[in-house]
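What follows is a set of structures for review.
After this come two complexes, each holding subunit A, first together with subunit B and then together with subunit C.
This part shows the complex of A and B:
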């Protein structure tokens, strides 16, 4: 591992599956009820200051706090202008937009809450986090269907490699879709954040790390010949696995739906020799990222996380945990876990 | 470092369809006023917007973007086979707002709003990643900067990048609620400006490594995208940090990235939205980068003509900047005369076209969430 390799030194998650990243039961069937009482805003963020903050932003704030706590003294060592953040979300404000639209087209815009109005812009979710933690280097919000959270890892790593930051926070957040919206039944809720820094920096401050993750995104155009599409998937896999090549291929979790794109990517991965377990996708981009977080937190062998959207977007993230054996995650607060 | 060239451009806005139409309008500087949104659900005092030509039906932002993308690809002269692996990066604040605003079609399956980039990827049949960037009003600028980083990193030789924004009832309603809409027009640097006025639009650029362009015998390039600077205020959800430190850093980082001195900048396409604090902060930040008013390069105030096109603004600004470099001319600004705000000490030439004096053009795009990006375009060597 070279000195400038990005390593994950902090992991944070708040989800209906629980808040311990190493114990998320993601393979246990349909996601838990996203509307359930799984998130205690006062316990996570404090009793005041978040009344008008949308749920997805609260989730992201809480996951960020957990990740930074987990990472230890990292912010104090990196100037504000050298901190970057990339966040992926699809439906972080969908319900808010729906509620606002009901107001605007009903009683009128004058009845909108001025405290909530700024959040019509989806990048304010990450913008609010930047305000809390002095992230002044840059802040990206990615919204590509389903792959946005993995795209955030890729875009963040590219910006780091271009010298745009010394510390990267990458994450995702989602909130349930409106009840009357198609797709509501597979709504997602929750957030997760990773703290990434160069290996040399982590070593210099004596920080332990979880491992590395790298992402390659690509597109499978509808109607592309099978061989060409399979070559695209294979090229993406090769870019991830280089320089070691395809020896000892990691097992994959593919988060997708019944669309032709998902089926094609599953067939490609299996055809390339990757043991691929398909996981039904939620409405957003949370689930792929949670698989990344979980693989890092519970350690074990390298794993591949794949995501595909009906629109053609695909992403592969290779997770290489640092320790092959299971380790105890540092994040969870046992008291909070009981709530 | 790999040089990134702009070898094709496409644009659509209230000025019309196509880059030639846009340049003709910039030079003519028509004094167009916004219209009232043709939307019975727009229950707000100032439902003002500059609409862009687009056919009917859902997916309005996608249709605008596709119009621009088709023009850009044709303009570049690229064989479509050379786009087979090209990534697409599109900035959009609200995506296809009509996918999630009322009345929703109960028969339509759930469709995410942010599908513009994917639609362009599908249109050109590319296997490159289609990335949607939603950094609000700086999204198009960030998309171009990310695309240039992809080429510099060796991930791609050609990237289609830009921005698109269509009418959103909710966005306009929220701006009304925040008192951020001017009752007359988008009037950057005007002493009586009362906010901004939205505009629809899209711009897509073909960004290409110089080596790739040379190898295929590209006939023309407008300019190079020589550098970008990114920053985040981390100060307020909607208002810029009054100290302008991060806006200034975006500009100076972009100059450093481009290897350009402030004195080589012959024109700035500012963010300049017409909101009071925004224009003041940007004016001061420009002064801190370029020096006294006498040393400041002329501004070209694009939003005075097309309104604030939000996620498309940085990309349309880049098209304007590329055209300024290509023609060697700065178009005339809409005249403010005695109405110019003395609190905004900027060089805003009026009255006629001016020859470009400098090899670089800077384009600024700032946004809610404190997201700032500056681009530096470089003209062809003499």
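This part shows the complex of A and C:
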């Protein structure tokens, strides 16, 4: 591992599956009720100051706090202008926009809540986190269906490689969709954040790390010829696995809707020799990221996490956990957890 | 609209302002300054404007808000606004009666 390899030194999650990243029961049947009382805003963030903050932003703030606490003293070592953040979300403000639409078309724009209105822009979710933690280098929000959370990892890593930051926070957040909206029944809720920094920086401050993750995003048109689509998938896999090549291919979790694109990506991955387990997607982009977080936190062999949208967006993230002694003590035995 | 909004209940107003500012009602004492003592910022002041306008069916200006910086001051302002609204409504009703008498 070279000194400038980006490693994960902090993991934080708040989800209906629980808040311990190493114990998320993601393969244990239908997801828990996203509307249930799984998130205690006062316990996570404090008793005051969050009444007008949308649920998805509360989730992101809480996951970020957890990730930074897990990472240890990292903010104090990186100037604010050298901190960057990339966040993926699909439905982070859908309910808020829906409510604002109802207000404007009902009692009128004068009745919009001034304290909530700033969150009408999707960028403000990560913007609020940036304000709380002095992230002043750059801040990016991605909204590509299903893949945005993995895309955020990829975009963040590219920004780091381009020298735009020395500390990267990458994450995702979602909130339930309004009742009458398509996808409401498979709404997602929760957030997860990773703290990433160069291996040399982590070593210099004596921090353990969870491992690395690399992402490649690509487009797989629904009607693409089979050979071309397979070539595209293979190229993406090769870029991800380089320089080691395809020897010892990791198993993959593919999170996708029941769509021709999802089916095609699953077929291509299997055709390329990747043991692929398909997982039904929720209505957002949370689930793929949670698989990444879970793989890092529980350690074990390398894993692929894939996501595909019906529109053709695809992303592959290769997670390579690293297991120093200190982290072994705080994570369960992956062999016992392996399904 | 509050059906009896010409009467502004001080304790109800205290609860409304406390909820808006995310405080306990007991923290909103009669003379506590919303900004200096209770931590309200400009955004929360605007929020309070919208909440009070809706609850008491009055129109408030930014100058009104600046002047109404405590519970008692806000109460006095709302009482005056509600009274002015009632007087205005009565005047308009009188005008309609005059007009119909003239036309009749």
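Basically, the second predicted complex is superposed on the first by the 323 of 339 C-alpha atoms of A that agree within 3 Å, B and C clash if a C-alpha of one lies under 4 Å from a C-alpha of the other, contacts with A are read in each partner's own complex, and residues count from 1 in each chain.
By definition in this document, a contact is a pair of C-beta atoms (placed from the backbone, for glycine too) under 8 Å apart; a residue touches a chain by one contact, two chains touch by 3 or more.
Please read all numbers here as calculations on a predicted model, not as lab measurements.
K.L.:
Once the shared chain is lined up, is A:203 touching subunit B (first), subunit C (second), both, or neither of them?
P.N.:
A:203 sits against neither subunit B nor subunit C.
K.L.:
Per the contact definition in the header, classify A:112: touching subunit B only (first), subunit C only (second), both, or neither.
P.N.:
Touch status of A:112: both partners.
K.L.:
Counting residues of subunit A touched by each partner, does subunit B or subunit C come out ahead?
P.N.:
B
K.L.:
Applying the document's definition of touch, where does A:52 land relative to subunit B and subunit C: first, second, both, or neither?
P.N.:
Second partner only.
K.L.:
Identify the residues of subunit A that lie in both the subunit B contact region and the subunit C contact region.
P.N.:
107, 110, 112, 114, 118
K.L.:
Can you tell me which positions in subunit A touch subunit B when the two form their complex?
P.N.:
80-81, 85, 90-91, 94, 97-98, 100-110, 112, 114, 117-124, 126-128, 130-131, 133-145, 148, 151, 154-155, 158-159, 161-162, 164, 177, 181-183, 217-224, 228-229, 232, 283, 309, 311-313, 315
K.L.:
Which bits of subunit B are touching subunit A when the two form their complex?
P.N.:
It is residues 41-45, 88, 92-95, 100-102, 104, 108-110, 112-115, 117-119, 121-122, 125-136, 139, 142, 146, 149-150, 152-153, 155, 169-174, 176-178, 230-238, 246, 249, 367-371 of subunit B that touch subunit A.
K.L.:
Quick check: in the complex, which residue numbers of subunit A touch subunit C?
P.N.:
47-49, 51-52, 107, 110-115, 118
K.L.:
Can you tell me which positions in subunit C touch subunit A when the two form their complex?
P.N.:
Subunit C residues touching subunit A: 22-23, 43-44, 46-47, 49-50, 53-54.
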